[in-house]
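This is the structure, below, for whatever I ask next.
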Amino acid sequence: MPSRPNIKEPVITLSAGPVAAYPRILQALSRPIQYDYDLYFQQFYEDVARKCAKALRVSQPALILHCEPAPGIEATAASLIGPNDVVLNLASGVYGKGFGYWSARYHKEMVEIEVPFNESIPPEAVAEAFKKRPDIKVVSLVHHDTPSGTINPAREIGKIVRDNDALLIVDAVSSFGGMDIHPEDCFADVFITGPGKCLGGAPGLTVMAVSERAWKHIEANPKAPFASALSLKDWKDAWSKDKPFPFTPSVAEVNGLDAALDQYLDEGPEKVWHRHALTAAATRAGLKAMGLPLWAKSEAIASPTCTAVRVPEGIKDSDIISAARSEYGVVFSTGRNDTKGKLIRIGHMGPVAEPIYAVVALTAFGGALRKLGRKVDIGAGIEAATAVIAAGRA
Amino acid sequence: MPSRPNIKEPVITLSAGPVAAYPRILQALSRPIQYDYDLYFQQFYEDVARKCAKALRVSQPALILHCEPAPGIEATAASLIGPNDVVLNLASGVYGKGFGYWSARYHKEMVEIEVPFNESIPPEAVAEAFKKRPDIKVVSLVHHDTPSGTINPAREIGKIVRDNDALLIVDAVSSFGGMDIHPEDCFADVFITGPGKCLGGAPGLTVMAVSERAWKHIEANPKAPFASALSLKDWKDAWSKDKPFPFTPSVAEVNGLDAALDQYLDEGPEKVWHRHALTAAATRAGLKAMGLPLWAKSEAIASPTCTAVRVPEGIKDSDIISAARSEYGVVFSTGRNDTKGKLIRIGHMGPVAEPIYAVVALTAFGGALRKLGRKVDIGAGIEAATAVIAAGRA
Amino acid sequence: MPSRPNIKEPVITLSAGPVAAYPRILQALSRPIQYDYDLYFQQFYEDVARKCAKALRVSQPALILHCEPAPGIEATAASLIGPNDVVLNLASGVYGKGFGYWSARYHKEMVEIEVPFNESIPPEAVAEAFKKRPDIKVVSLVHHDTPSGTINPAREIGKIVRDNDALLIVDAVSSFGGMDIHPEDCFADVFITGPGKCLGGAPGLTVMAVSERAWKHIEANPKAPFASALSLKDWKDAWSKDKPFPFTPSVAEVNGLDAALDQYLDEGPEKVWHRHALTAAATRAGLKAMGLPLWAKSEAIASPTCTAVRVPEGIKDSDIISAARSEYGVVFSTGRNDTKGKLIRIGHMGPVAEPIYAVVALTAFGGALRKLGRKVDIGAGIEAATAVIAAGRA
Amino acid sequence: MPSRPNIKEPVITLSAGPVAAYPRILQALSRPIQYDYDLYFQQFYEDVARKCAKALRVSQPALILHCEPAPGIEATAASLIGPNDVVLNLASGVYGKGFGYWSARYHKEMVEIEVPFNESIPPEAVAEAFKKRPDIKVVSLVHHDTPSGTINPAREIGKIVRDNDALLIVDAVSSFGGMDIHPEDCFADVFITGPGKCLGGAPGLTVMAVSERAWKHIEANPKAPFASALSLKDWKDAWSKDKPFPFTPSVAEVNGLDAALDQYLDEGPEKVWHRHALTAAATRAGLKAMGLPLWAKSEAIASPTCTAVRVPEGIKDSDIISAARSEYGVVFSTGRNDTKGKLIRIGHMGPVAEPIYAVVALTAFGGALRKLGRKVDIGAGIEAATAVIAAGRA
C-alpha cells in the first residue's frame, strides 16, 4: 500500500524548494526507465545535455551530476580548488558562508568577504580584495543566497574576477530559470544550477556549465577526485553518446530534466522571468502594505524568486508555518542556520511563479499572524498586490 | 519538444540494470514533488525508511543515500574504513576488485583474496586469511558481482567474519530483491542495495542497513566524512520525521522507492525470488541446449538475477548486442572492464524476471548469432527452456 | 509532437466541471491498460463497482456506464420511462428543464413543475402534483442544477415521491462527493453521478445506484433499449467478474475512478464536504462584501460546490472570463442556455474545494471587474472571506 | 487503497483489444484535466481532431465520439440509416452480422450477403447485389472482423459501392493503424476506428471520417438523433475551437488520443504496418510448423493485426487461455458469439506488434497445449517464426 501519511497534504506549496513540479515534468518522470548503455538512452542523454546548454546559453553540452546541487557544489570545491589555490569566498548568506568550509578542505588559503546576511556583496570589495591579494585564483559567489532571499551582483563581480584572471564559481541554483542569469554573462567558470527550483522540476541533479579555463585548472589539480562522487572529471565527456557513464545516471531524473527544459524553453525564458519578477513584486508590495518588513536591507537586492520576510517580534517562525498550513494548507519555508527563526521565505519558483500566488501568500501569511493574535490588514495587502499585478500586465 | 532520439526504442530490455521498471513505480515517480521540510514529506520519508527495513528484514529504518549505489559504496568505504583499519577485500569480479581501489584511499593496509572472475570466493580462504591476519577489521564482499553474473557464499563468509569480530560490507545491489539475501542472515554490518535492479525501480538511490557495530566504528573514525556526499553519518538519523535532511533528498526517487517496496512486499518476496530463479534456470537450460557455455565456472554459482554467457570465439560482443537489437528489439548487456568482450549478460531482474523472457532472451541471442553467420538451434533452446518452465510451475 | 496550443494553460481552474483532478487520479489514469476479458481486470472492475457502492452508501455494486453523465441521464430516461408512464419533471434550472425533452421521447404524458431558475422546487408543490395526478409514475429531480448553482431539497421531495409509490430519478452529478447526498437518504430509485465533478476525477463515466424497484420497472418497459448506448439493462450485471461486458469498458477511466473513490473515502466524506462548504461560504461572504449579488434567490439554496454570481449590469460574461484568465490565469464558468450571460460560476469541486481558493476566486473575479472599469473593493472581499475561514476552522 | 485484485497481473497481453498501451500514451493520460470550455482545451481539441485527419489522410478534422467504437457504430446506424433506406449488410463475421441488427432498427429493408465466418466477402457478390437491388442506399462493411481475424477487400467493395452511388460504412476499428487502410482509398463515407486497437491507446473514443455525402444524408434523415448519445450531428462541428461541445468530452481520453496519434505518425505509418504484418506472418508460419491450423480459410485473408487459430478438437478454449496465463502470464482472446469456442485470437496490435511477440505467442500457445496433454513441437514453431523474421528484416 502506498505510504500516505495521516497528515493532510499541502494545498499549495510556496517553498524555497523543492517546489511543486510542472505537470509535464511529472509525466516525464514516469517515462520508461531505459538502460543507460543502450544507444537510445545514450543519444537521449546527449540531447538533454545539449538542451541544457541551450537554456544556459553556452555552446558546450552541460555537465550533469547525478546528485542534487549541494553535493554538486561540494564536488566543485573538491575538483577545482587545489592545494596551491588562494580562494576568495564571498559570503552574504548561509550558503555563501558555507562554501568556505568546503573550500577549507582543499585550498591553500582563503580570503573572505562577509557582509551581513541581509546585504549583498559590493563589487568594489571584490576589486579591493584583488588589489590586496593578486594571487587569488578562485572566487566563489552565491548568486541567490536562498536562506536570505537576496541577490548578489554576479555580472559586476564576474567582470572583476575575469579581469584579474581568476576563476569564478557561481551558485545559481535558485535563481537560474527564474531571472536573467547565465554563465557567460556573469563570467562564470563553473556555473551551478539544478532542475528543482525555478525550472519547477524534481530535485536530484546538478546542471553545470564549466569553462575551458576551469577544466584546465581541474586537470592540473593533482588532488582533483576521480572515480568518485566528488569528481567533475569523471562526467566531463559523459554527455557524448559515444562515451560511457562513470556510474549509472539517474535515468528518471534525466527524463524529468528533459521536460523541465522544454517547459522553460517553450514558454520562453523572458516570459518566465517576467512572471517570477511580477509575483515577487506583488508579494513585496502586499507585505509592505501589511506593515511586514522584508529581510533584505533594500528591495533592490530582494530575489525575484523568493521573498524573505522578517518574523515579527515575539512570534516563532515555526508557529507561522504551522498556522498557515493548518488554516490555508499553504506551506512556506523558514530560514536556515543563521537566518533560522529570523525570517520566513515565500517561494516564487516554477509553477507558482504566477501573480495569483502572491495573493495566496499574503492571505496565508496574514491569516497565520492573525491566528497567532496579531492584527494584520490582509485586505490592504491584497489591494497593494493586485495594483502591482494590474500594472505589470499592462 | 520532448527529446526522442531518432533511434527505435528497445522493445524489451533484458539488461543487467538499469532495468525496465514496474508500471506502478513509473506511476509513483509522477507523484507531486513535496517540499522536504513539510511534515507530510517528513512522515512519508520515515514511512519509506521503515518499509525498506521491512523488506530488508531488519528492525532499524534503513539508511537512504541520494545517489545510486556506486557512490553509495564509495561513501561506505570513506565512512567505515579508517586510517588504522586492515581491510580484507574479496575479489571475484570487477566490482569486488574495484572496491579495493576505494579502500586504498582510506585503509592502513589491505589483504586481498582474488579468484578468477568466473569463480566465487571460497569461505575457507576467508577463514585462512583471518588466521594469518587476525587484525583484519573490515571485510568487503560483493554478493553478486554483476559483470560476471556470479554469486558469492555470503552467509558462510559472513559467519566467519562475525566470528572473527570484523565488520562486513556486503554489496547486494543486484541480488537483493531477486533472491534470498538479507543483512542479518549474512551477518552484514553494512548491507548495500538499491531500487534499480531486482526491485524493478529507477536507479538513483542507495538503500542500506548499517549495524550498530558499524555505526560505532564510523563514529570512531576520525576521517569519516561529514557535510559531504561521502558521508554516511550525515544521513544516519535523517529517516526520523523530526530530524532535518543534510541536503535535499531526491523526492521523486523516494516516491519511486515507496512503490518498488510495495511491489515487492505485496507480491511476496518468496514468489519474486522464485520467478527470478525459474527464469534464470530456463535461460541456462536453453543456452546449454544451444551449445552456448555459461561464463560461470559452475552453474551452482550462476546468479538467478543475471546470466552471463561466453561470447563465442570470433565474434565481437558489440555485434551480438547490435544484432539482437536490430532483429528483435531486445537489449542485453556486455561485460565490464575485465569481463568486457568476453561475455554477454542477460538480465532477469524485476518485471522481466518472468519465464517467458527466458524464451525471449534465447530467441534474440540465438537470432543474433545466426545473423552473424553462426548456426544455432534456437528451437532446441526453447524446448529445453519450456521444459524447465513447465516443471518449475508444477 | 504533443499538441500544445499556443495559448497559456490556465494557472488555476475554478470551473463547474470538468475540474482539475487530484494528483493520485492522474497517476491512476496512467496505469497499464488491461484487457477487459482477463480475469485481473474483471475482478478489478467488480472491486471498483463495490467501492462505488461504499461511497454511495448502498449495498449493491454500482452501475457504471461508459460515457459521461449527460448521455447517462439520457439512457436513464430511455430505459426507465415507458410508453405508459406519467412523468413529473421538476425544473428549477437548465438541466431540470432539459430532462423534460428527453422524457418526451418516451413518456405517455408529462406534468412539470417549473420555478424561476434561481429558486428551488418547493416540496409542497410535489405533494400537490401527486394529489392532482396520482398516476405519476416517475419523478425527475436535478439535485444541483449546475447552470444555476442551486440545490433542491432532494430528501423532502424524495420522501413524498416514495410515499406516492413513484420512482425517483436524482441527478446528483455535481453535488455527490461534495456534500451529504446519497441515494437511500433521498429515496432515489436512479441516482446518477460521475467522477468528473466533486470527486475531482476525469469526466467520462456515469456512476449510478439503481433500486430494485427501478430495475423491475426497466425490465417491464417494452421499449427499454438493449444492445445500445442507451441501455441500462446491458450493464446491469457487468460489475460481476463472471459476467461479460456488453461492449468494451473505458479501462483508463475505470482506473481513474478507482483512485477518485480512494481519494474521497481515504480523506473521509465528512471532511470533504466540510471543505466544499467552507470554501463556498467564504466565497459568498467575500462576494457580498464586494457588493456582488449571488444568482440564488436565497443563500440557503446556494450550492456548496458551485457559486453563481450575477453578471453586473453592462458587462458581458465572456469579458469577465477573459479578464480573469489574462490577468490571473484563473478560469471560471459562464452560465448555460437560459442562464448564459446572466451569471458566472465559480466552482468549488474536488481539489479546489479548499478555502484558499475562495481568496483566489474573489481576487480574480474582482480583478477582472476592475480591468473592465468597475470599482471593486477586493480587499473587503478578502477580509470577509478570511473571517469565515478563520471561524470555520475554529 | 488502490484496488489490486489478488490475481497476478498478466505479464504480456496479446489480446484482440483492449491492448497494452504505448508508454507515451499512458503518460499522456495523466496530463491535467482541462476545462472543456477553456480556450486552451478548445484549441487542443481542434488540434487533435486535425491530427486524426492527418492520420486518416483526409482533409476535414475527424469526428470524435466520446464512447468506444461499438456505441459509435450504433450511433452511425442510427444517424445515417433513415426510414427510406435500403441497406446492404455484408456479414463475414460476428461484427458484420451484428450490424444488421442495429440497422434493422432504422432501415426500410435490408439485403444481406453472408459468408461463412472464416471467409471474406467477394466483391462480385456486392456487384451482383447492386444489380438486383439498385435501390441499395447504404452498405455496411467490417474491414477486419475481429472475432474471426479476417480481412475483407474494402477497396474493391468500396469502388463498387461508390460506382453505384450508395453510401459505405467501413468499420476499421481493429485494422486502421495496423495496416494500409484509409477512408478515401476505400471510398468510405463513414469510416470508423478508435485508439484502443492498433494505435495502442486506451479504449473509450470513436474516431470517424464522415464524407460530405454522408453528412447530407444524415441531415436529410428525419429520424437522425440529436441531443443524444446516438447522434453524429451533435458532434459534427465540435472540433472547431469556436463551437461548443454538446456534452462534456472525455478529456483524459482525448489526451491519450493525442499521444496515440503522435506515436503512430512519428514512427511512420509504413513502418508500423510493416511490423504488424511481420509479426502476424511469423506467428502464422510458426503455427503452421506446429501443425495448428488457422481459422481463416486462406492465409491471404488472415489479418495482419490478429491471428485466429482453430481450437484443437477435444480442448476447451478457456482451458487454453487459462493454461497460457498460468504458465507464462500471456493473455490471449477467445472468439465471440458464433466463433466462441472455435478459435483463439492472438493480437498483434500496437506495442506488441513486434516480431519477438510472435515467439512469445507461439511459446505460450504451445506451452498451454502441452499443459493440456497435447504434443506440440514448439521448437519447430520458433524455428519457422524466426526464419520469417530474419527474412523480413533483410
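Going by the order they are written in, the chains are A, B, C and D; count residues from 1 in each one.
Throughout what follows, a residue touches a chain if its C-beta (ideal position, glycine included) is under 8 Å from a C-beta of that chain, and two chains touch if they have at least 3 such contacts.
Computed from a prediction, not measured in an experiment: that's the story for all the values here.
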In terms of CA centroid distance, which chain is the most far removed from chain A? D
Count the touching C-beta pairs: is C-D or B-C ahead? C-D
So, in whole Å, the Cα centroid of chain C is separated from that of chain D by 34
For chain B and chain C, what's the span in angstrom between their mean Cα positions? 51
Quick check: what residues of chain C touch more than one other chain, meaning two or more? 1-2, 4, 23, 26-28, 30-32, 266
Spell out the part of chain C that touches chain A in their complex, as residue ranges. 4, 11-12, 23, 26-27, 30, 266, 326-330, 354-356, 359-360, 363-364, 366-367, 370-371, 377-383, 386, 389-390, 393
Contacts from chain D onto chain C in the complex sit at residues 1-10, 13, 15, 17-21, 26-40, 43-44, 47-48, 51, 66-68, 70-71, 74-75, 101-102, 196, 201-204, 227-230, 246-253, 256, 258-259, 262, 266, 325, 331, 333-334
How about chain C: which of its residues touch chain B in the complex? 1-2, 23-24, 26-28, 30-32
